[in-house]
Amino acid sequence: MNRRRFLVVAGSLLPAIWAPARATPADVAQAIKALIGDRVPTQGRLKLDIPVLVENGNAVALSVGIDALPGEVRAIHVFAEGNPLPRVGSFRFGPATGRPRIATRIRLSTSQTVIAIAEMSDGTCYTDSVDLLVTLAACLE
Amino acid sequence: MVRVLINVPKTAHRGEIIEIKVLISHPMESGQRRNEMGQPIARDIIHSFRCTYNNEVVLEAEFFPAIAANPFLSFFAVAEDSGTIVFAFVDDHGTEQVERAAIIVE
Amino acid sequence: MTRGVGRWLYLVASFVVLAAAAPVPRSGYTDASPATRSMQDDDSANPAFLWVKQGETLWSTSQDGGKSCADCHGAPASMRGVVARYPAFDAARSRPVTLEQRINLCRTEHQAAEKLEQDSDSLLSLSALVGLQSRGMPVHVQQDGPMQPFHDDGARLYATQMGQLNLSCHQCHDGLAGQKLAGSLIPQGHANGYPLYRLEWQSMGSLYRRIRNCLTGVRATPFSPDAPELVAIEIYLAGRAQGLVVETPAVRP
């Protein structure tokens, strides 16, 4: 996916005018650029696992990993393009890593696309993303 | 000092890939919420985490407010030698907490 | 027809209606998403175990210079079966007692310690630890004998429409269970996993907290934590949950 197509897709997912603060596609693009510069990530090898239908955005199980040897992977970065802030987490693998994969739980404020980018030691980058729906809990305290 | 639950196998075979799971008790206050008076509640999160195994880095993580409360992390290490796995994390106040787990490798 | 007879007929009719409407019990676990269920299934990923771990520390700690729980009860495993049959009738007090009330009675009467506040970290931790010892055991709380009047009170409250929205527990949790409310699945409302980690709260909470949510949700004034109505409701809910097992400490959305 090239950068322009990525921005068009991300932009089309913007909600209606009234909404809680959320990052813009430009914020996400800027956050990504700050980490990987002008490199364009390719699809494949990186796999982002996150349920498509989320019961409660407060704790969403996420696991992400890449089909590669641990030494080949520098880091994996995760972004939530619909959250108030675009970055979710960055995970850097060291010499004692067993596998280039992690699992955690994240917060999602609304239905959106979650994006993962893997930075390889040889400078290449891979990406994967998931479009998901967040249903809100009915009876808030 | 916050409560931490660490799950590391007590023993492993040399070269075995082991799964490590960590659960930290922390509200990870995002900075997006408001109190009953409508005033913003300040951000207060754990922002970095690091795991080393006999002083070699396994994983370094940067957390943002989108990491859920009571952060959970599962990752993998290679069991080379017996020794100590050290977990260190730092919060927005600059406070560092360090936990340790021993492992026997045969 | 005298008022007493009318009331009696109303109660009988309510029981008949409720009995007829009583579904095969379905735990909230079954209604939760696979991701939420996996959180509950993995003790090393279930945030409730942060409270269980604290419970283990509190269990063995001398409370305010008096005895620790361990001094009388030994290991936490001695609590096996307790939560499966609580609330239980306390003959000395001629009333049923909930687990949280029992913990506080132990503290004030045997440990020279202060009562723990409702939904305080300490009380949640001890309840979670004790509840865990009954995990997997069938829910079996006495409903008859000395418990009958309290069961009846609970049944009546469960069927009473309350609040500005004028809804009863029965209408949603018996009548509309399995359907949706604002995108969320309506569960049958069993209390077999408390205290539990609720994703909505981002924290551990008690049955009291959940019932308070429901009452606020229908715009009714919530009961205070020590209200006898809550004990009656808890007893009735445990009777409804017959057929399910204890899941404490559960995870719910």
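Remarks
Going by the order they are written in, the chains are A, B and C; count residues from 1 in each one.
Just so we're on the same page, a residue touches a chain if its C-beta (ideal position, glycine included) is under 8 Å from a C-beta of that chain, and two chains touch if they have at least 3 such contacts.
Keep in mind that this is a model prediction, so the values were computed, not measured.
Here A-C and A-B are compared, and the pair linked by more C-beta contacts is A-B. The chain with its C-alpha centre at the largest distance from the centre of chain B is C. Chain B and chain C have centres, each the mean of its CA atoms, that are 32 Å apart.
The mean-CA centres of chain A and chain C are about 38 angstrom from one another, to the nearest whole unit. Averaging Cα coordinates per chain places chain A and chain B 20 Å apart. Residue positions of chain A with contacts to 2 or more other chains are 58-60. In chain B, the residues touching two or more other chains are 68-69, 72, 74. The set of chain C residues that touch two or more partner chains comprises 202. Within the complex, the chain A residues that touch chain C are 51, 53-56, 58-61, 135-141.
For chain B in complex with chain C, the touching residues are 3, 5, 7, 21, 23, 25, 27, 68-70, 72, 74. Interface residues of chain B, counted against chain A in their complex, comprise 17-19, 30, 32, 52-54, 56-69, 71-78, 80. Residue ranges on chain C touching chain A, taken from their complex, read 32-36, 38-39, 181-184, 199-202, 213-214, 216-217, 253.
Per the touch definition, chain C reaches chain B in the complex via residues 44-45, 47, 49-50, 53-54, 197, 202-203.
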